[in-house]
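Listed next: structures, encoded as structure tokens.
Heads up, the next two complexes both have chain A, just with different partners, chain B and then chain C.
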Partner chain A sequence: MKKILQITLGIVTSVGGFLEIGSVTTAAQAGAAFGYQLLWAILLGTLCLIFLVEMSGRLSAVSKHTIVEAMRERFGFPFFFIVLVGMVLVAFLVLIAELGGIGFSLQLLTGIGFPWWAVPVSLLVWLLMWKGTFGLIENGASLLGLVTISFVVAAIRLHPDWSGVAAGLLPAMPQSDKAHYGFIAVSIMGASISPYLMYFYSSGAIEDKWDETYVGVNRFIAGFGMTFGGFLSMAVLVAAALALQPRGIQVDDFHQSALLMTTALPRWGFYLFAISMLFACFGAALEVSLAIAYFFAQGFGWNWGEDLEPSKDARFSFVYTIIILLAAVPLLFGIDPVKVTIMSMALTAATLPLAIIPFLFLLNDPIYMGKHRNGWLSNSVVAIIIVVSFVLAVISIPLQIIGG
Partner chain B sequence: MRLERLLVLPVLFCLACKPPTPAERMDSMLSWLATARMTGEAWLRQTTPDTYSRQTLELSGEKIGQVATDLLKSPPSGVDAAALDALFTRSRVRVETMARLIAAKNAPDFGRQLDSLGADEKLVKRLVDSIEHKQ
Partner chain C sequence: MDLVRDVMDKKLVDRKDCEMGRVDGLVMHVGPSSQPRVTHILVGGTTPWMRLGPVFSRISARLARLWGPKRTEPVRIPWSRVKTVGKDIKLDVMAREAGALDWEIWISRHIIERIPGGGTEEEE
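Up next, the complex of A and B:
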């Protein structure tokens, strides 16, 4: 009974915590510019994410190591350091974007410009990290994030052409604007396969004291949670395709994305969008800050744990304090969160191989995995994901220049 | 890698950074006009708050001005630049007026401006279609 409850809660929190500024922005841009044509990118990204998250949880449950700890131990400090630099830089940009997303949501609700929110929002995120527990961050923020289901309601109320939706699940090149199409596809993949999510999930498994008996629970949560989460991203794309594309509105600014649900849900659409973005970005900001602190602490062998008193893991707490403080600075100067989001998603795609290659070795290592090593299916999928990630890494920067 | 080869990279990047084409700028213009109209319609239906609607219209006016400046530096071929300038200036002024009318809570005048903006948007849409057709 306890396991069923954990599976349910895990799936619910995965759904509530799935959307964040990157997935919403890229999906809205895709729908507004290309209709249903880029649904396949969300599908592909979600499938990759399901496998990677499942492996992250399995590694932690079986080996009692997080990905970062195992990577440092198995590949040594030089390799860990390269991954650290790449991942932390990208995650830092994502954090700026998430804090900007919270600020912008508050601007929508109050009319006060988002730079004014940079300090109070960062303080609130920091305070929750300082005082809160892992359970509060994992479950509390994600449960609030369930309001993002309103995107599904909006998409359905706009009466999509389901055959067109199904056709969009298969990759096809557009007649024109191929570079922009490719750039958005890469950004969607970058937003879907966010490495910080894997580090967070893997560390969460240790925080929640998972053991080998949780391998099945992990599989259910990763499979169902990420699948339903992927549906939310698809709903954003479909809503944008129906509400914005026919009018020729491109999503270059948050003010435009705020119109996403006003057609489908005239009375509440605007407020639901603002509240959805507020909770989604708030949950993601907490997760990214924690993921960065986990990365440092686990890699350098410091004490870590969100459930520990800050005095017991001072260096871990210091890292997230500094990171949140630094992330607030560009927002104070009014940096455009949409531009940061798009740049960070493309850079995420560029650094994906660094994050994913270790999976192939760690998940096949009998010392860590015992009888729970990857089977042929998981290895084939990781191999495909590595190939995809290399392709994304190679094309992401040129596409950002040409089509971004 | 030799230093000269390293120096080639930024040059290649700069070459790849092509500015938007006139057709892309026209799409951007249409996008901001449509944003202004959708925002206006939502405000008239009282489904968006005054502050958001005003801020979005102000932003749209600003963007229309920016895109128009860029477009008029290299207008699409076969299009009368003076007529284009007049159309964009009229649209920008309309959008800015709509933002002020929200502050004054003057819905009837706002509705009239919105209708006229719709007509301007149709003109721009026709231009965009003809440019795409030529391509």
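Up next, the complex of A and C:
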């Protein structure tokens, strides 16, 4: 039972990694522009993510080494450094977007412009990491994140045509606007398969002191957690298809996304949307900042742990302090978080192969994995994900230029 | 033992299981008549950056002179202090005395301890 309660790690990873400003924006764009047609992209992203997250957790539980640690050990410092640069750059943009998302939600609730929120919001995120424990962040963020279930309520209240929804789960090409369709599909994949999410989850497994007995639980947590996130993303898409597409609204900014909730729930929708986004982006901001600090500490062999007093892991605490401070700066100058989001998702897609290829080697390494090595199914899935990630990497930037 | 597979980049832990960096480099002694022999493990300093290229190593040396505990040389740990080589490498040294925590202590004293709630790095 105690092990099952660790489901919170799955939920926080999923809400923070899945249902944040990136996924909501892309899913809303997809629904508004193409109806249910792009549901398959979320389904595919979710399936890939379930496997990758399960492997991240299994590696940690069996070897007591996170993905980053094992990557540095197996591939050496130069490879680690290249991934570090790519990952930190992308994660930093995501952090700016999430802090901006929190600011936007507060702007919806209070009417005070989002640049004013940059400093207080960053300070609050930092304070939680500075004083809080991993358990507090994990349980608090996943509990608050449950508010996002309101997206499902909104979708159901709009009475979707279920046969249309089912048809959308199968990939199909649209008659027109193919470049834009492709761009959104790539963005959805980029928003779903975020590497920082795997680094966070595998570090979380170490923070929660998992061992080999967690292999089965991990499978359940990864499966359930990511399905939960994917399901919510699909709900956003469905609600957008019903609320926005008939009125011809294209989602270019955050305010328009609120309409997908207010149409279904006229009285409470607006507040539910703002609060859902607030909590989801908050969870994501914590997750990304921690993932960046974990990445540095594990790669360089520093002592780390969210439960330690900051002075006991000074370099680790220093990294997240600096990163959060820096991320507040562009927001102070009023940079548009939605633009940053879209850019960061295309970049995530472009750097994906670097993050995924190590999985194929690490999860088959007998020294790390013993008898819990990947089977043929997991290996085939990783191979397919690598191929998909290469395709995404090659087409993401050109598609952004012509379709974005 | 395969030096690249089993030793390079592995995590080092001291007598009290404190993490003290990773194996960034190795020093070998090549005598005129004897077999080559690993004598020291190198941690930190410019050693890892050297592996990326001389430019990175120069930049890191310059930055280290400007800022921080003014330590440019890597920590050298004699191979004789290696206890076991497994998933991690256990050493018969204390991280603090070996100098592997110089940066950690410097950042803690100069930055972290000065922020309220940071605590102190002093060991009990």
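Here is the rule we go by: the second predicted complex is superposed on the first by the 389 of 404 C-alpha atoms of A that agree within 3 Å, B and C clash if a C-alpha of one lies under 4 Å from a C-alpha of the other, contacts with A are read in each partner's own complex, and residues count from 1 in each chain.
In this text, a residue touches a chain if its C-beta (ideal position, glycine included) is under 8 Å from a C-beta of that chain, and two chains touch if they have at least 3 such contacts.
Keep in mind the model is a prediction, meaning the values are calculated, not measured.
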Chain C versus chain B on the shared chain A, clash or fit after superposition: fit
Partner chain in contact with A:R315 - chain B first, chain C second, else both or neither: second
Touching partner for A:T262 - first (chain B), second (chain C), both, neither: first
Which superposed partner A:E73 touches (first chain B, second chain C, both, neither): second
Partner chain in contact with A:R58 - chain B first, chain C second, else both or neither: neither
Inter-centroid angle chain B-chain A-chain C after superposition on A [Cα, multiple of 10°]: 130
Touched partner set for A:F300, first chain B, second chain C, both or neither: second
Per-residue touch tally on chain A - higher for chain B or for chain C: C
Touched partner set for A:F81, first chain B, second chain C, both or neither: second
Distance in angstrom between the closest Cα atoms of chain C and chain B, superposition on A: 19
Chain B and chain C footprints on chain A, overlapping residues: none
In the complex, chain C residues that touch chain A: 8-12, 18-22, 24, 43, 48, 51-52, 87, 103-105, 107-108, 111-113, 115, 117-121
Residues of chain A that touch chain B when the two form their complex: 108, 110-111, 176, 247-250, 252-253, 255-256, 258-259, 262, 266-267, 269-270, 398, 401-402
Sites on chain B touched by chain A in the complex: 13, 16-18, 27-28, 30-31, 34-35, 37-39, 42, 45, 47-49, 51-52, 55-56, 59, 63, 125, 128, 135
Footprint of chain C on chain A - complex, ascending: 63-65, 69, 72-74, 76-78, 80-81, 130-131, 300-304, 309-312, 314-315, 317-318, 321, 367-368
